[in-house]
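Both complexes below contain chain A, partnered by chain B and then by chain C.
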Partner chain A sequence: MSETTEDQNVRVAAICDQMAALEGPLLPILHEVQEEFGYIPDGALQTIAKKLNLSRAEVHGVASFYHDFREERAGKHVIKICRAEACQAMGADALGDQIRRHLKVDWSQTTADHKITLEPVFCLGLCACAPAAMVDGKLVGRVSADRILEKVGS
Partner chain B sequence: MSLIKEVDYGTPAKNSEKTVTLTIDGKDVTVPEGTSVMRASMEAGIQVPKLCATDMVDAFGSCRLCLVEVEGRNGTPASCTTPASDGMVVRTQTDRLKKIRKGVMELYISDHPLDCLTCAANGDCELQDMAGAVGLRDVRYGYEGGNHVQVRQNGEENPRYMAKDETNPYFTYDPSKCIVCSRCVRACEEVQGTFALTIEGRGFESRVSPGMHENFMDSECVSCGACVQACPTATLQEKSVIEIGQPEHSVVTTCAYCGVGCSFKAEMRGEELVRMVPYKDGKANRGHSCVKGRFAYGYANHKDRILNPMIRESVDEPWQEVSWEEALRFTADKFKGIQAKYGKGALGGITSSRCTNEETFLVQKLIRAGFGNNNVDTCARVCHSPTGYGLKTTFGTSAGTQDFDSVEHTDVVILIGANPTDGHPVFASRLKKRLRQGAKLIVIDPRRIDLVRSPHIEAVAHLPLRPGTNVAVLTSLAHVIVTEGLFDEAFVRERCDWDEFQDWAAFVSDPKHSPEAIADMIGVDAETMRKAARSFATGGNGAIYYGLGVTEHSQGSTTVMAIANLAMATGNIGRPGVGVNPLRGQNNVQGSCDMGSFPHELPGYRHIQDSATRDIFEDIWGVKLDDEPGLRIPNMLDAAVDGTFKGIYIQGEDILQSDPDTKHVAAGLAAMECVVVHDLFLNETANYAHVFLPGSTFLEKDGTFTNAERRINRVRKVMTPMNGFADWEVTQNLARAMGLDWNYTHPSQVMAEIAATTPSFANVSYDLLEREGSVQWPCNAKAPTGTPVMHMDGFVRGKGKFVVTEYVATDERTGPRFPLLLTTGRILSQYNVGAQTRRTENSAWHKEDLLEIHPHDAEQRGIREGDWIRLASRSGETSLRATITDRVAPGVVYTTFHHPGTQANVITTDYTDWATNCPEYKVTAVQVSSSNGPTEWQVEYDRQAEQSRRIKPRVDAAE
Partner chain C sequence: MSIKVYVPLDSGSVALGADDVASAIAAKASKTGADIKIVRNGSFGMYWLEPMVEVETPRGRIAYGPVSTDDIDALFDADFLAGGDHKLLRGRTQDIPFLKSQSRLTFQRCGIIDPVSLDDYRANEGLTGLENALKMTDAEIVKAVTDSGLRGRGGAGFPTGIKWNTVREAEASQKYIVCNADEGDSGTFADRMIMEGEPFVLIEGMIIAGLATGATKGYVYTRSEYPIAIDIMNEAIEVARDAGVLGDSVLGSGKAFDIEVRMGAGAYVCGEETSLLNSMEGKRGVVRAKPPLPALEGFLGRPTVVNNVISLCSVPVILEKGAEYYRDYGMGRSRGTIPIQIAGNVKHGGLYEVGFGLTLGEIVEQIGGGTASGRPIKAVQVGGPLGAYFPKELFDTPFDYEEFMKRDGLIGHAGVVVFDDTVDMMKQARFAMEFCAIESCGKCTPCRIGSVRGTEVVDKLERGEEPEVQIELLRDLCETMKFGSLCALGGFTPYPVLSALTHFPDDFKPRALDIAAE
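Up next is the complex of A and B:
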C-alpha cells in the first residue's frame, strides 16, 4: 500500500498539468492535492514549484500562509471548533477544553488511534448560532461537546 | 572623507514625460506622473518616516509608518503607495500622524531586542533611526507575552525564538531582529530575480524563510547580497561588519571581476576594508551586485599572496626573495642580455585584462618603446579577439554597440554562447527583470542554462545546438528571415551597402541553409529554428547578447560577423533596446584591447603600419617604432620552442592555466631564459618563471577599467599597496631599470597621454570622470561626455558591411575513439582560473570542477554520480569527478576550468579562430571512462608545482 514519493510526485504533476492553465493556478492546485492525498505530501511543493516555474520559497510561502493545508494526513474525522469572538462569548473555550480532555489531544493534533483531528478555526460565519463547529466539512450550530463527539462516534 | 550615504527616495523613479505638481508641507514639488508621494517628498527634501520602503524595490505599504494626510481625502494613506497628483496638498507631520506613528513604532519595538549598544547595525539601523524620528520614549508592552526575541520565556524554551543562521560564509540571518518588512524578499525577487526568499506563515508567526524553511546555504540563494543591502536592521548583516564594526569613510570604485564593471562603495575603517556595497549611481549595475564583487575580496589578504620580489637563475631552484632594486636590475640585465645575444625580437610581453587601462598602456609602451618591437599580446587573444575583428569588419568599431541600460528597452533577446546568470550575474538580473516585464528570450546554447527556464522566466525557444555549429545556425536563422521577407529593407537600403546585402541575401537564401536542410547536423529541429527567427525579426526591439561560446571557436570571427549580419538585416542597430552586445569576460578586457595590446595595433585600434599613427606616438615617446606587427601569444610560444624567443614580461595573466594545450605552453615557457611574472600569487605560469614581481590589487591603486559597454569607470585607491607599489609603478620602475626616462607620478598623467594620442579617448580626463562618474568611449569633441549607443546616425565605417558566412566544420571531429564533445564554461561563485575566488570563502559553493554528463552517456560507461572519471582527448587527459544531468544533451559533456588541479586545458586542442588565433576552447572531441583518481600527469604536475614554489627568505647582508 505504501506509495513511494516518486509515485506521489507523478500524481501531483498530473494535477498540475490539469490545472496549470487556470488563472492563478497555485491555490486550486494546492486544494486539489490536499483533496487527493488528504494532506500536502512531502515533495509536492517542489513538484508544483517546478511545474509552475515558481521558486520553492514562493510555494512554501503560500502553502504555509493557509492553516488549512496540512503537512500530515488528518484523522478519519476532522473537528474544527470556532474560537473567534462570538463563539468565545458563548463558551467556546470551555467547549474546546472539554473536547481536548476527552480526546487527549491539543489543538491541531490527531488522536493516537489516528481517528480524530481537532483544529481551531477563526469564524465560520455562523455567529448567530454560536458556539459553532465544523465536523467533516459540515457546519453545526449551537454545539455541545457531546453532540460533536457523537457525530464522530467517540 | 566621509561615509557616502545615497539618498533613499523610498520608491523607484518613474520616467513619465508628463509631470504633476503638488504641495507637500507647504512646498511645491513637480515630479513625473506616477511618482509616489513619498518620493516626491524626498525630492522636496522632506523625509517621511518609513521602514518597508526603499527605492530599489516597488512600494509595498506594509509598515504603516509613512502615512500622510491629504487635503480632501479621508484617512491617512501610505505615502509610498499613493501616487502624486496635480494640485494635491499633503501634510507629512500632524498631531494625528505623530500619534499613529508612535503607536506603530511602539508595537515594532515591543518585539525587537533592546540591545542597540552591542548590535552590529548600531549606527546603520533604520529601525533605530525611525524610533528617533518619531520620538519613541516608552514601550508599554513588556516581553511577558509572545515574542520572537527571548531564547527562554517564563523558564521554558520560547517556541517562537529562532537561532541565527550563519551558514552563508558572508552574512548572518538573525530572525530575532526581523521586523518582517519583507524588503529582503522583494529585493531577492525584484532586483536579483532569484525568488529564494519568502515570508512563511501568517500574522505573528510570519517569518522570513530562505527556500522552504531552509538555511541560507541550502536554499536557492545565490548570495548576491541584495537582501543584506535592503535589510533595515541587523537581521541580515555582513559578517565583516559584525567582526569589524561600522565603517567611517567610503570610496567609490569599480569591481575587478567580470566585464559588467559594477560600481561599489568600498566602505573603510582606516585602511581596513569593512565591506563592499554596490553603488546606486553606478551606471552599469544601478545598485546591484553579485557574490564575487560584493563579498569575494578576501584574496587581497590571503596568506598565499606574495609581497616580496623574488628571483632565481633556473626554475628548478627555490625562489630567492630580494629587494625591488635587485629584482628589477636582475630582470633588466637578463632582458638586455637576451636582446644583445638573440636580437631585438627575442623579447615580448603580455598585458593584463585585470589591470587598469593606464597599466596596460604602460606595458605596451614598454614593449614598443623599450623593447623596440611589437611582441605584445593580451588574454583577449583567448577570449574576445574575434569580437574585435568581426565588429570592426562589419560596423567599424571593435566593441559592443549599447549600454546596459539598453536592455530596459529590449523586446526580444537572442542570447548565444553566454551564461549570464553565472558569468555576468548583474547583467543577468537586469535582463531577467526585463523578461519578467514581458520581453522574449531565445537561447542558443548546447547546454540548458538557467535562463532557459527558472522561476518567472522562460525562453520562447532554446536551440540546443551541437557545439561548433554556431555559424550554420545563425546563417540558417538569416535564411528564414530573408526568405520569409522579414528583413528590414528600409534600414538596409539606408544604412548598409545594398550590393553586399544582396550578395549575402542570395547566399543565405540557398536552400542548403534552410533549417530543414541542416536540422540533423546542428541537432535542432527546423520548427524551433523558424520560430526563433520569426520571433527575433518581428518581435520589436531585438538585441543580441553573446559570450565566449561564440568567439572561442575555429569560426569565432565568422560567428561574430554572422551576428552582425543578423542585427543589420533586422534593422536592430543604432538605438536603445537593440544592438550587438559582447559580454566581455574580464573587468578590463575591453580596455586592454583599446589600449593597444595587440601586436598589430596601437591604442585605439590603429594599425601599426599606419605611419600617421606611428608619428603621433613617436613624437611623444621620442623613439622610432617598429612598423612590423609583432608576435601573438601562440607565436611567441612557438618561437620559444624554436629557440628564437627568449624573454617575456607577463603582467596579471596565468597563461599556463588559461591558454589552450597546457603542455605546449609549458614547453614554450621552459625554453625561455627569462620569464617575468608580475602577479598577486605564485600562479601556475610562475612555476616556469625566473622573476616574480608582486602585484597590487584593485583596492591598492588608482586608474580606470573599461567594461563591456565601453564605459570608462574609475578605480580608486583605498589602501596602501601591501607589496609596496601599484602595478603601474612596478612597470615604470622596470622601464627605468631598462634605461627609459619615465616620470609618471599619477595614473591621471598616463590617461592624459592616452587622450592626447588616441582620438576615441580625446576628451577623457580624470576631471571629466570625477564630474560625470563614468563615460563611454568614443568620448571626444563630437561626443564630449561619451557615447552610450553607437552607430546612431550611420555606421562608424560608413555603410554597414554584410559578410558572407560560409560554415566550415572544425577539424576537431568526434570519432570512435573520442565520441563525445566537450565544451567549457564558468560557474557563478568562481572566476576564471580562480586565482582570486579560490582564495575566498566562495569555494564553499564550488570546491572542485565537475564534468557534466548526460544520464544516457553515463549509463553506457557505468559512471555514477560523483565518480572519478578520466577525460581524454587527442591532446591529453585529466581526471575529475562526474555529475549526471540532462542539462547537457547526449553526446555533449561540460566542465568549468576554475581549478588548476583539473587542468581542463590539458585536454583542449590547438585549433584556433582562422582570423585571430582565438583558441577553440568550446569544442573538443573526448572520451570519458571510469578512473580511480588523478592521472599521472596531474600527480607529476602537482609535484613539479610544489617543487617550483619553494621560497628562501631574504637574508640581510649584515647577518
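Up next is the complex of A and C:
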C-alpha cells in the first residue's frame, strides 16, 4: 500500500518493455497491468502511452471500452453471474436478484466492506449447465445463490 | 498395467465438479491400492451426464455419470474399474444414443483423446489432412475447401474457399490467419469445447489455411471468459512447436507457420470480424466500414483470413477424406455437418454434430428431450442473442442457412436455447434491446441510439402507454436498425425483438390492464 506512483510506473514500464515486440501490444499490456495491480491505475495510462507512442487519451479510450478493465480495485472476492439467455431460461434473473438482495449491491458494485464485487457476465459458455457463474475465476454450473454465497463466505 | 480412468477437464465438466471428482478417485485408488491412470480428456458434450467418468475395459470405454464426489466410494465398491454395475452406469460410451446417432466429423476425437497429447491425436488420424495439404499446391487446397461447400460457421455462412482465394491472390509481404474464437453468443459453446477437447485440430486447420493463402502467422482471438480454453490452446501450441508441427518448417516442409493466442477483454462486439481486428491491433473494438474487406486489408492493413473456430476445425477432415466426403452430408446449399449446441431449459443439453437438415422440433424435442423443468416448450431462440425466437408452430423448419432465413431467423453459430412456458417474451424482447445497448460499439447511430430507444419503447408498452403507437414505433425502429446498422449487432437485434412480437403477441399486452383485470 505504501507503494509510490514512481514504483508503480517502473513496474508498468517493465511490462510494456516485455510486450513491446508483440503485434498490437496494447491489450496484452493492459491485461498484464491488471493482473499485476488488480486494476489499471490512473498513472499507468500515461506510462503506457509514452512507451507505445500514443496519447494518454487513446490509451484511456481503449481501457474504458472493454468491460474487463477496472479503474479501481475490486473486492476481495469477485462474483460474475451469467445474465444471458440460456441462463435466463434456467432462472438466472431470480438468482441475480437473490444475490443482489443478500449483498445489498447492484450489478457492477462492491459491498460496503469491500469484500465482494458483483458483476454481470454475458455467457461463460456453460449454456448446457445453466445457470452459471464464475467465482474468483472458478467456473460453477447449475449453481444456486446459496452455493455462490458459501464460496465467498457470505 | 494401469487402468485408464477418464475424467474431463472441459469447462462445463469442471464447473460441475470434475476436478474434485478426479482428486477423489485418485485418493481412493491410492488408499485401495488400485493401479489407475487418470486421463483428463475433453467432453463428449453430453452435459446432463457431466462429470462423466469413463473406464477403459476390454469391452471398450464404459461411462458413468453424472458422478459427484459422494459417489466415489460406491463406484469403487461396485468395481467400476472393471465396468461393474452401478446406478450411474451408462454402458459403453460409443453406444450412448445421443452420441451414436451423430455424424462426428469436426469433433471426431473430442472426448476420446487426451487434448494435449500429440501422440493421441496422430494415433487417431490427426495431421493426415495437413500431410495431404503439404503435397498440394495452394490453389488445389483452396479448390478442395471450395468444393466441400464449407461455409463460415460463425454465422454469416460465407463460403470459406472463396474467402481463402481472395487472400491467396492478394499480394503482400505478410498475410495472416485469424481464428475468431470470440464465442459470445449465449447458447453456444462449440468453439470452447473443441479448443478444450481437441486443440490440435484447430492448429492443423490454421496451418492448412496458411498453406492455402501464403500466410505464415496465425492468431487465435478468444474470450477472457474462457480461461481453461486459453490454457489448453497455449499448451497445445507449445507441444506443436516442440514437435515441429508449428515453426519455421512445418513437418519439415520448409514452410513456416506459427500461432499466438490473444485474449479479448469482455466485449461482445469483438466477435464481429472488423472490430476483432481493431481489438487485436490494440484499439477500441469499433466496427470498421467495409470495403476494404479484411481479406485484402485486415490485421495491420494486411491480407487476413478471419474464420470461425469451427470453420477452421472442419478443414482437416476435408483434406483428409476429400471434398466429396464432406459435401455428401447436409442439404440444399448447407453442406457438411453442423455442431448444434442444445442449451437452456432442456433435459439433454449438449453438443450434437450432424449433417444439416434436421428439423428444429427433432432437435429440441427428440434429441434434447424437451425441457428440464418438465413444462411445455414455449419458445426456442436459435443463433444467440441476435437470433429469432421460434414458436412451436415453426418446429418443422429444417436446420439450414436458407430455410431459417425464409422464416425470418438465422442459424448463426448453431446455438439453440430452449424456454419453457414461464418465459415472458416481452421481457426477452426488452433484453435483446438492452443487450444491444450495453454491447454497442457506438460507431453507428441506429445501433447506439436505436437500442436505447428500443428499451424505452418496450417499457412504455409494459406500462400500457398507447400500446398501438408503441408497437408501431417498435416495428419502425427495428426496420431502421436492420437496414441502417453497420454490423450484425444493430442489424440483427431486430430478429429476437420482431419474432417475439410476431409469434407471441399475447405477451405484449399492457401489464397495467392485466393488473386492473385481476
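The definition used in the following text is that the second predicted complex is superposed on the first by the 153 of 154 C-alpha atoms of A that agree within 3 Å, B and C clash if a C-alpha of one lies under 4 Å from a C-alpha of the other, contacts with A are read in each partner's own complex, and residues count from 1 in each chain.
Heads up, the rule we're going with is that contacts are C-beta pairs under 8 Å (C-beta built on N, C-alpha and C of every residue); 3 or more make two chains touch, one makes a residue touch a chain.
In this text the structure is predicted, and so the values were computed from the model without any measurement.
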**Prompt:** Looking at the overlay, does A:Ala57 come into contact with chain B only (first), chain C only (second), both, or neither?
**Reply:** first
**First (chain B), second (chain C), both or neither touched by A:Met19** = neither
**Asked** With the two structures laid over each other on chain A, which partner does A:Leu118 touch: chain B (first), chain C (second), both, or neither?
**Response** neither
**Request:** Go through the superposed model and pick first if A:Ile48 touches only chain B, second if only chain C, both, or neither.
**Result:** neither
**Which of chain B and chain C A:His31 touches, first, second, both or neither** = second
**Dominant contact partner of chain A by residue count, chain C or chain B** = C
**Message:** Once chain A of both complexes is superposed, is A:Phe65 in touch with chain B (first), chain C (second), both, or neither?
**Reply:** both
**Fill in**
Dual-contact residues of chain A (chain B, chain C) 61, 65-67
**Request:** Can you check the complex and tell me which residues of chain A touch chain B?
**Result:** 45-46, 49, 53-61, 64-67
**Message:** Which residues of chain A touch chain C once you look at their complex with the stated criterion?
**Reply:** 22-28, 30-31, 52, 61-62, 65-69, 82, 84-90, 121-130, 132, 134, 137, 139-142
**Partner chain A, residues of chain C touching it in the complex** = 11-12, 14-16, 45, 47-48, 50, 183-189, 191-192, 224-228, 260, 262-268, 279-286, 299-300, 341-346, 349-351, 372, 381, 384-385, 415, 417-420, 423, 428, 431, 435, 438-439, 441
**Asked** Can you name the residues of chain B that touch chain A in the complex?
**Response** 194-202, 209-213, 219-220, 453-458
